[in-house]
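Two complexes follow with subunit A in common, the first pairing it with subunit B and the second with subunit C.
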Partner chain A sequence: MNKPSGVNAFMPYIERPRFSCALGGALSTLNSLPGVVPVIHASAGCGGNVFASQQAGSAYYGAGYCGGLAVPSSNVSENEIVFGGEDRLREQIANTLDVVEGQLYVVITGCMTEIIGDDTTGIARGFRNQGKPVLAVDTGGFKGNSYRGYDLVLERLFSEQVQKANEKAPDVINLWGAVPGQDPFFRGDLAELKRLLGLLGMKANTFFSYDETLENLNQAGSSVGNIVISRTYGVEAARTFEQVHQTPFIAVDIPIGPAATAEFLRKAADFAGINASVVEKIIADEQRDYYRYIERIADVYADLDLQHYGVVVGNASYSYSITRFLAEDLGWLPELVVITDCLGETHKEELKVHFGEIKYIKTPKVVFETDSSEIQKHLAEHWPLFSEKRYFHSFSPAFVFGSALERDLAAAIGAKHLTVSFPASNRAVLNRGYAGFKGGLHLIEDILDVLVAGR
Partner chain B sequence: MGYIDEKVVPKREERLKACNAFGGKACQLIEGSRGGCLVNKNRSFSQTCNCQMGLALAMVLTIPEAVTIMHGPIGCGSSSHNMDSYFRPGQSIRGGKPKALLWVSTNLEEQDIIGGGESKLEEAIIKADQNHRPAAIIVVSSCAPGIIGDDIDELTSRLQKRISARIIPIHCEGFKTKISATAYDAVYHGIARSLELELKSEAPGGLVSNGLDQVKKEYIKSKTVNVLNVFSMGRTDELEIERLLKALGLEVNFYPNFAHPDKFRFLIEAALNISVCPTHDDYFVEILKERYGIPYVLNNMPIGIRNTEDWLLDIAKELNLESEAKTLIEKEKKELEVELELYRSILKGKRVLVSGGEIRVAVTAMLLQELGCEVVGIRAYHYDQFGDDIYLKAVSGNPDLEINVATTQVFELVNMLKKVKPDLFVGHSGSNVWAAKLGIPALPLFSQPQNYVGYRGVFEVAKRAARIIKNTAFQRTFSENVTLPFKEDWYGKSPFTYITEK
Partner chain C sequence: MAINVQSAEAAVRESRLGAITGYNGTIKDLVSRASCCSLKNRERCFSQASACSSGCAQGYLSGIEDAAIVNHAPIGCAADSIYGNTANKWGESIRGWKHRNINFITTNMTEEDTVFGAVNKLREAVREAYMRFKPKAIFVTTSCVSGIIGEDIKSVLDELSDEIPVPLSPVFCEGFKSKVWASGFDAAFHAILTAIVKPPEVKTNKVNMINFRGGAKEAITAILARFELEPVFVAPFSTVEELSKMSESAATISICGTLGSYLGNGLEEQYGVPYVKSLQPHGTAGMDSWLRGLGKATGKENEVEEYIAEEKARITSELAVIREKLKGYKAVVGMGPSFGHNYIRVLQELGVEVVWGATWHFDQHYDHGTCPESSRKLSDSETDIPISVCDQQNFELLNLLNKLKPDLYISRHGGTAVWATKMGIASVMVADEYSAFGYQGLIDFGYRLIDAVTNRSLAKNLSARVKLPYTDWWLSQDGFSFLQEEVG
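Moving on to the complex of A and B:
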């Protein structure tokens, strides 16, 4: 299988890429883990640049405990590039241990220090041998994009930080796959799925939740299984986990709304060996609550005929889940899905087949496009957008789910717009998520906010 | 100077003996600067900050009708997502149609690091030209192509023959300088080498057809000035600058931010180049003086009462408008004084720490002193000779004032804040949250929609500062509920413990 989150070979032109580099993804990931302090071994601007990208990209997901401009960084310059940066890194790590409070320090590299061949891993090992909690991951930007950085960091943590467990705890499960700094809703999504798994009687480690500590990661080897809520990101890390800890995994979609979430819970229960009747009771309870809310909004929904055609633009995980929710729960008509990642051909085909499994609609046109300016062309090829004719089968009413960049597309085709993907510079996201039953309600709420805003 | 004939400008450590690491008294800083002995300072512990590429992008991403190509691995320049929300309103407030910011990455990957990135850049330039038909294609070169030896100058000059857009190569490899302000030189260097800065001679019988026209043209030129704008000042500030200079009978053109690539051909139709920030423009105004004989003023920033006055008088002196300027200044000051009374009573004695760009922090400190605040510390992103006179003014009467030269370096900032406990922090973006974590409210050092410059700027800053300290519940409760990442014993040490001599 192709490296799912790797950037394709020879892609010389990516317009307004919706991710940063492997270092950027690694940094967002580490800065989101409790007790973890990243140490950048790179030029001075790398950390600042990728943080600015995360700010606007991920709905103002700010510095946190030791992120932003507080991240320790060796800030190598000409001198180190010529003479080597290893001494500078040793000095930086030693002083980081003196100044910054952390339980685990993870060195991540930028392009320059990798090009000059600094032995970062060896230096980290030196500290570890002295009993210092230091790890290193090679995350040079040329290795791939943010999603790749997420996988690289998780792989290293799973193989070197997660302790080997002699016994598996039957009620513990690990769940990951929503990428910090890329998925604006990753916190809310993880919280909701953790809640739902809790109802099944499972303790879920997500590693990033605010009620967890580094211990949840350290002890993750005792889990009976791993659930990756993406078919694309975090899957490589799950394979590593399986190799090292013999823990099986399933890769599923982020479930949004009742249809997908019910399926998710059934799969999770089956995976963990939980009695089907337990699951059905929980689904029924959650569904009851969900539809009591829907019952109240249904009046305006029906009176105003709020069904729309849809365009969905975003990464591989979220685009699918939004599309499915529109089709299977909301009864909308998604026509075009644009996946803005750089993916291998095999994985593209797999995803296309998967879109064909969405019920109740004709399978939408799925394109893989990294250049925002090209999206309107794909839509126009699929559905003629303009005509002088009085009687014209127009693409209307239409609603674009995408990033802040899709405001231009929506304006051009006279559609409504909601930002659900990176860059999400026109939204501020805290604990909001779209996953699960509660997430489905949030998404409907946000859609209707757009539709009734002018009233 | 001769730099203009080189592909790459020298770094400011060399050209200006600029430094980015110092902690101590103001008088020691100025003495060290004049003795040229600041430049060797380093840090044995540091935190991430920015690089010259980031600052270069802040300038070039304002140029309308352009596509910027980030020549580097995929992450370089991904900060530009932050710039879209600056670029759109920036165009519309200047009367243009707000268009999306366009930028492209050449996405250098592992095999390109080995094999070179020129072919990807070539393809990207051609595609950008075909897809968007821009007026300019700006090629911003990051660290990796700098070290693998891509010759972007040779490539772009070869491609220029078949590309309709003007190609502007800009060398801003982050690792090459610790002084990110080198970016300003790098951008101006690219502009001066690639854009037309003069209207090529008109054909016989062209625009200037008779003597009267010639006199008219010369007269207009004598009353026209260029103001070199900066990223950290928005249109609101430009309007205040324009208001004051118009009062002296001058027409104002703004370059380079938000100036169309074709507009630069009119750059030399001016009697004077005016800098609003000495550390921003010295390289460019010198080129324009050498090439076209246009004089310049470069001493000051028009922030605060005294510095606005000094800045205006500098300009007036060059253009023989001193008496007009004095009249204007008196009238402006009189009007302002009355309005400041209310805020002075609120701000009197409030202790402030200012942190950010070299010149901006010094003039802002003076402004706050003019409002009755007590400045308890100044932190500058970098320091060079352009600071000497202004810092002397800013600390007159208090030569022992603590100064920290640091490109952000949150750990030094937090240590200082813990010790001096100011009532208000005035900081560069990216640093204000760290004051908030200590319960200290922040007035952003710059914010483009807001006014900071000129006499109106003094009033607006006073008004905002007074508002901000009215209710600091957010900062107080926030500080009670977050943990700072530094060990407790760090606060017992000098904030400058990790500054070394190397």
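Moving on to the complex of A and C:
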């Protein structure tokens, strides 16, 4: 099976990683689910350190209900490494049930407790057999990165927590694929897509929205289908869901802006068997509103002559969608796309082909590179940055869409910069999202904020 | 126990300094038992996420301007570098420097590597770090995984030293080896002491100033200039060259007793550079003690006394105003042991009543053999203060705060202050190690506290709407009921 996310065995080394480990991804996923309490079975530093990196990296995402330093953690040390940590874990789970209020407790493991071979799943099953809501997922950090942790947790929840439904509800759909703690805009994105599906008459479970409870996850088996808003993350989990609950899924790009969102709505409507005329009416209404705002901002855009060359750096989902927005909605010229994930070769090829389908532009150069200091080399190979020639068509004006790490690159090539991907330490995100029609407007606002900041 | 530079690694604080992470009692009891070394640790049967040596060691070393870190670990341990980068940016802005990303590479250890080992990846990563960053030194930090599978890091670095012409130093900071994460600072300083510091060629008027980000850089430079001394800010934002000459300095001082013990005493033992063993320079008593220690070590006693008298006269009336305004307010302190015990004194100087002091660990003695000066100072005062030792354990702290209901919670580590805010308690996070530094700093900190208690609307609004994760049962229990009996 093609495992697109988190397979990083072939990366011999990574400079300043843009993700945490499987444990880190599992932790931020669980911390974003209502009523769920994670229990870490690892050394004391794992929970604190992955939180610190997610906090700084995901635009100040915060501890929430039981995250950060409140996460129960067995804090194993030398003694458990030598003699085993199973007794300590049993004690930790039993006391967690008394101390911390939750509807579901999920044990996640670190590298050390997996190497010493603690039977975490068996221990969790023991509690479950006594009627306690405890699950376990092996998330040893060496299993992959945060994205892998997200999939591992969803797979376990879909197979063991989501109840089997005898009947499917035709107007209920599940939607996931934006990764908490990695996608800085996941909440705003999920909310906008949920709003749009609502216009189609669909009730969408996203599991992570503030207006949902754990019941939305528990009852997710009754949905008529699953939409994964990524071709890379959450797809494994969708396959598991399909096997266990016989629910079909589609994996689509996270739609940013009017062109991509119209396509998303058509696909969703088709998938859910909704009449084409219904969806076209909604698209027309939304696009009309969108372009009323654009009409107003077009003045300054034209006066300042704001068409730019673009460099887009980020994960597989977002970098595609940003690039497409720049090309098909904003009329810019994205030249280089850097996908910073660790991906399998087949999946890389699929993504490259997909970039070729973006309209109005010459296909940008797409590279797969985890390391920030290498990105400038890729750009220089694509577009000579310096030349002795008398006439030289320079890469200007340019705009870098990337993480906070790309401030270096932007400064080096004299480009403007907006943080749209992890680590997003120079932004604070609450309910902002770039998905959908509203998200497209937000993205234009943020781009223009950068361009007019000096005025 | 003397600092052993012949050994590949620093002994952890539990064995070297009798450090503990579990205790509940009072400052007088803590110090009297520590002084006769009869304190034993108490483990917990429920615990929460905290920190580890690796995070401390890498975070600290990655601040050195022209060094690089190679982390021999799975990917998550290196995600620390994201926070490291933001902390680095802060120090850069203090200095008005251009931003640069920290030099950091991970070997990305995978499941397979735990079976077959990954010394080849390590070799490649060290070579790559040298090529990419052209560093003046490379520190290779270890991890739980590299430690458990027994990777021979030292041999790899010995081999590579033939082809890479800069110091290559292992930093043994496996998270599981110590419950006292400050052991990671010792691991970092051990690497600096053994691989970077060179024997002195001359003696200088420099003073090694062990600290974190150096927020009071200008102020300290000005103060020391009065004594014809010049600070070298160690180790973040210094260069490998500057660090290599620490043996030539006239003295070593530290902003934090926990942080400074290993390097300060190491330099004194190895190279005769006197380490100032005083209170830390927070508030008036702390600054008096710190400057007098420095004056004694460098023969500047008279100049120091002059300065102290001048500054104290300058702040007297202002301090009285602040003490009047803060009268009647109660505070709980939650910090590392050196900052914690120093800040309790600072709050008392400002007229705030400290109703509880929690520290993340406690060293029964420092590397120079005596119980921490700040702890002794507190225990010598008339009033006894309730004290606990809890490694950032949120459930213990929130249980305490819920019962004590102080006006202020004063913290020092990211991720701790917000919980007091969620309980409706005004919290002040001492992120800058130079908050309350000296006489002027005390006044500034006093005004910070007055501001914090003046408008508590965010805390009040939030606490009315946020559900804490703890059960009513837990909040009604004795906050230390999960501490087990002392073990030897």
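Throughout what follows, the second predicted complex is superposed on the first by the 450 of 455 C-alpha atoms of A that agree within 3 Å, B and C clash if a C-alpha of one lies under 4 Å from a C-alpha of the other, contacts with A are read in each partner's own complex, and residues count from 1 in each chain.
Convention: a contact is a pair of C-beta atoms (placed from the backbone, for glycine too) under 8 Å apart; a residue touches a chain by one contact, two chains touch by 3 or more.
Bear in mind that the values here come from a model prediction, so they are computed numbers and not experimental data.
In the superposed model, A:380 makes contact with neither subunit B nor subunit C. In the superposition on chain A, no contact is made by A:428 with either subunit B or subunit C. Shared-chain residue A:276: touches no atom of subunit B or subunit C.
Judged by the touch definition given at the top, the superposed model places A:20 against both subunit B and subunit C. When the shared chain is aligned, no partner comes close enough to touch A:304: not subunit B, not subunit C. Touching of subunit A by both subunit B and subunit C, each in its own complex, is seen for residues 9, 11-17, 19-24, 37, 40, 43-53, 55-57, 62-63, 65-66, 68-78, 81, 91-92, 95-96, 98-102, 110-112, 115, 140-145, 372-373, 404-405, 408, 423, 425.
Within the complex formed with subunit C, the subunit A residues making contact are 8-9, 11-17, 19-24, 37, 40, 43-57, 62-63, 65-66, 68-78, 80-81, 91-92, 95-96, 98-102, 110-112, 115-116, 140-145, 372-373, 404-405, 407-408, 411, 423, 425. Contact residues of subunit B toward subunit A in the complex are 43-54, 72-82, 84-85, 100-113, 119-121, 123-124, 127-128, 131-132, 143-144, 147-148, 174-178, 180, 407-408, 410-411, 430-431, 433-434, 483, 485-487, 490, 498. Residues of subunit C touching subunit A in their complex: 44-55, 70, 74-83, 85-86, 89, 98-102, 104-114, 121, 124-125, 128, 132-133, 143-145, 148-149, 175-179, 181, 391-392, 394-395, 414-416, 418-419, 467, 469-471, 473-474, 482. Within the complex formed with subunit B, the subunit A residues making contact are 7, 9-17, 19-24, 37, 40, 43-53, 55-57, 62-63, 65-66, 68-78, 81, 91-92, 95-96, 98-102, 110-112, 115, 140-146, 371-373, 404-405, 408, 423, 425-426.
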